[in-house]
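Sharing a structure below in structure tokens format, with a few things to ask.
For clarity, chains are labelled A, B, C and D in written order, and residue numbers in each chain start from 1.
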Amino acid sequence: MGCGADEVVAALRAAAVVVAEHREELVRLDRAIGDGDHGENLHRGFSAVVSKLDGSAPATPGAVLKLAATTLISTVGGAAGPLYGTAFLRAATAVGDAPELDAALVAGALRAALEGVVARGKAVVGDKTMVDALTPAVTAAEDVAEGGVDVAAVLAAAAGAAEEGARSTEPLVARKGRASYLGERSAGHLDPGAWSTSLLLRSFAGGAR
Amino acid sequence: MKKIINDPSTVVADALRGMAAAHGDLLDVHLDPAVVVRADAPVPRKVAVISGGGSGHEPLHAGFVGRGMLDAACPGPVFTSPTPDQVLEAVTRTDGGAGALLIVKNYTGDVLNFETAAELAAAEGLAVRTVVIDDDVAVTDSAHTAGRRGVGGTVLLEKLVGAAAERGVDLDGCEELARSVIGRVRSMGLALAPGTVPHAGEPSFTLGDDEIELGIGIHGEPGRRRVPLRPADELVPALLDPVLEDLPFTAGDRVLLFTNGMGGTPLIELYLAHGIAERLLAERGVTVERRLVGSYTTSLEMQGMSFTVLKLDDDLVELWDAPVRTPALRWGV
Amino acid sequence: MKKIINDPSTVVADALRGMAAAHGDLLDVHLDPAVVVRADAPVPRKVAVISGGGSGHEPLHAGFVGRGMLDAACPGPVFTSPTPDQVLEAVTRTDGGAGALLIVKNYTGDVLNFETAAELAAAEGLAVRTVVIDDDVAVTDSAHTAGRRGVGGTVLLEKLVGAAAERGVDLDGCEELARSVIGRVRSMGLALAPGTVPHAGEPSFTLGDDEIELGIGIHGEPGRRRVPLRPADELVPALLDPVLEDLPFTAGDRVLLFTNGMGGTPLIELYLAHGIAERLLAERGVTVERRLVGSYTTSLEMQGMSFTVLKLDDDLVELWDAPVRTPALRWGV
Amino acid sequence: MGCGADEVVAALRAAAVVVAEHREELVRLDRAIGDGDHGENLHRGFSAVVSKLDGSAPATPGAVLKLAATTLISTVGGAAGPLYGTAFLRAATAVGDAPELDAALVAGALRAALEGVVARGKAVVGDKTMVDALTPAVTAAEDVAEGGVDVAAVLAAAAGAAEEGARSTEPLVARKGRASYLGERSAGHLDPGAWSTSLLLRSFAGGAR
């Protein structure tokens, strides 16, 4: 099965469901070291994405990703809004107007997404942010994509690495975002943005399967 | 959670409807995207002064929209920065041909969203500048962190730059003034008890029965340390000293002292703290020439307070005294 | 108890020192006996408008001293009426030869102390009149009880009578106006959570996690009944309907709607409630011509709110719009 | 032993001690059905009376009572301030410039005090106020005074009756003062003002003994 616009739409719908299911968990994580809105922010954003998708059906994967990007930018707010928005926007640009995504395109899109997040947020691995989940995800995706597997395999690899990366944030002291105000007290908690990155990639992997 | 609300997800829109009803003479309130604009905007040939941020800090920012202060405010969801399209809408609605200055509190979310908006505005050929206020001395500043937070000083910045813009100062001048004010203003706060974000449903943090948080942020972020509650005579210097030592403010300085409540603190306590602070400043030889006492940069129903000190000169005194007519600050008109 | 105070027994004096420091341009603050007087008092040939009551309701009353409103306020200890010597001192300091009108909230303690003061003043040959405001519809009125309490309507009364006195209306006219306003204003409040009187050290009452008190008094006195917390869309009519039905206010009436916070309620909730109230009044055909939203008649850090509705006519609108310059209300000057 | 100015001063000092000891109890009673300041109000007032007495020594019982009256009026505030102030003022007037009080004068002073409280506060027996303690105290004082006993006996009789009267307020529904706002909910609590009247008379009885 290929990965066209419909599959990307399905992946985003799956993501919206996962975000809704994990809304409170993400709020709880963010309350521990941030301001408790991360789950709410993403829930608002992905609900809006689904509404937009209900109303229009862009023809290419890139167009779907761009719609998601602009919708996230204009509805999520907070740090996560521009960061995820930029990620989707760069991914959309990376896949261009290809009618179907293959493994290489998906890996390239993930790389572009990461670069966008870093360009905006200036975080490096170890700062206890979504970059800690996205960076290993990109590397893993590129590794398996080289082996010539399908899109599902790329996303599965990315999701696995993202989860591991997200978990690695637990002992860290935050240096970026709101959690950094906690200083040493931020250690011992998962970073909510890293965790949502892991959840999103897991849902894409599920949606693309 | 006990609040006078309907649905946590409609709190901001519902409150904006109330603002619209209460201040129809001063404000135009738009809900989608949420932007509060001064009723006579755009003012031709005047720099538009625009701010915004998460809701829950009322009257900041929408309560400061009006003649002599802000041209527009962009209210985000509670404690969540607004989105770029709100900011862009604010710029479009208020640009009178002299450009717009965006006043942004230093939080990652606010900075990123306003930055995105500024890029979009520039792409549309609009002249937009951004200044970031980071007056909170409670957290350490460094190139490797998110830096200091923007807190109570924002009110003073908005008043002063708003007055300058009203007098016809151009975009360069407004930006320069804003940067100078940011360099002269410092703040720090404390919390006795937390507020509760409506959609979270639980207090943002917990404190022991006799414990307070020194250096609290306006979203309930922690500050320097938790200490036992002490008499006001000890709490006031615990807040004021770090503020004064940071710039530093020294003997001979002329200042504006802003004693701010966090939303759930009664005025009687604010005045009490203000009186002690004035005495301490006098003892240091610092002259308090202007003052503001009240709950102007709040954190929902958080109990607590902050001090903001601004170094004055003749120009700033004049700008402070200039007429202002907004829902929350009003004089001279 | 968590408060920014030193000693419960000096809270009022300490806060007054802060008021004096903050508002030296508007107020003369005397501590023994405690009286807050407008800085340019006595104003020759002007009726002196004087009020007072227990502290803990700030900005009521001292925050309303100044041009166009009160000539003096007599702050008692927290929630305790002032003593006759305070009132007498206020009269002496503000009497400009046209007599003094005492505005008293209907509580036994306030009424008795102001009555005693009025007798003492009369004995000294001063022309003093007393009016008692009892706008709270929450408690039943009867000749055999203490009667209704004075609450939020007091702010409106002080503004309107203050404006009339400023225009040179004589003592008879001021008294008549005051009685007419008292006849046209009604209020009711609710509490989500209690405040704590400093010397008591414990909350004034307790409420269940989901319980509110409908008809609360500004000293935490109980009202009509305890009910479960409900959405704002139901709370607002639960407060507003009894107010409207009492006078009654009916279709075609022009009113001032005052949405008041009890001290610990954030502005965002007040605006939210205000918006609903405006909608309900519009549905009834009642025209809201003026409004006031904010925490002006408070009960320490109590969480809750009240609505006050005043029936307007052209004269009252003009008096409301007249210039006022006090720490808490300021416009037109 | 006669009852001159010194004895009245001693009685007031004793009253101040009792009020200080019962400050919290009176606050607690007032918190239940009022605003929780009654103990604080009286404590402030009687402390001021003691300070005044330290500074000046009026020559007659009447002058001492008058000093107490004006001090209470200018320091107590609340409902109790003018009521107790008026009570002492009327008592002072009733005893005139007599150098010593006898049983009849004391009984007359109590009667005058009651009349003053009623003139100001307009309460009747059963309204759940200090009148419920003071009224039986006056009757009892007058009854024993007719029998030609000494001042101590008059005060003892008054104190006993006042205590009984104060206790009788417990089941009542308040019709005057702040407690009246409670309606039916005021039943089941002692009235703080009735209780302080009983405490004051008991302390006078002790001081005069």
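Basically, a contact is a pair of C-beta atoms (placed from the backbone, for glycine too) under 8 Å apart; a residue touches a chain by one contact, two chains touch by 3 or more.
Please read all numbers here as calculations on a predicted model, not as lab measurements.
Using mean Cα coordinates as chain centres, the one most removed from chain B is D.
Work out the mean CA point of chain A and of chain D, and you get 76 Å between them. Between chain B and chain D, the centres computed from C-alpha atoms are 54 Å apart. Averaging C-alpha coordinates per chain places the centre of chain A 32 Å away from that of chain B. Between the Cα centres of chain B and chain C there is a gap of 29 Å. Listed for chain B are residues 78, each touching two or more other chains.
Residue positions of chain A touching 2 or more other chains: there are none. Taken as a graph of touching chains, this assembly forms an open line, each chain in contact only with its neighbours along the path.
Working note: touching chain pairs come out as A-B, B-C, C-D.
The residues of chain C lying in touch with chain B in their complex are 2-7, 11-12, 14-22, 55-56, 58-59, 63, 78, 192-193, 195, 209-210, 212, 229, 231-233, 235, 259, 263-276, 278-279, 288, 291, 293, 295, 298, 300-301, 303, 305, 327, 330-331, 333.
Put simply, chain B touches chain A in their complex at residues 9, 33, 54, 76-85, 107-109, 112-113, 115-116, 139-140, 144-146, 149, 197, 199-200, 202, 204, 217, 219-223. Across the complex, chain B is touched by residues 27, 31, 35-37, 40-41, 44, 73-83, 85-86, 120-121, 175-178, 180-183, 185 of chain A.
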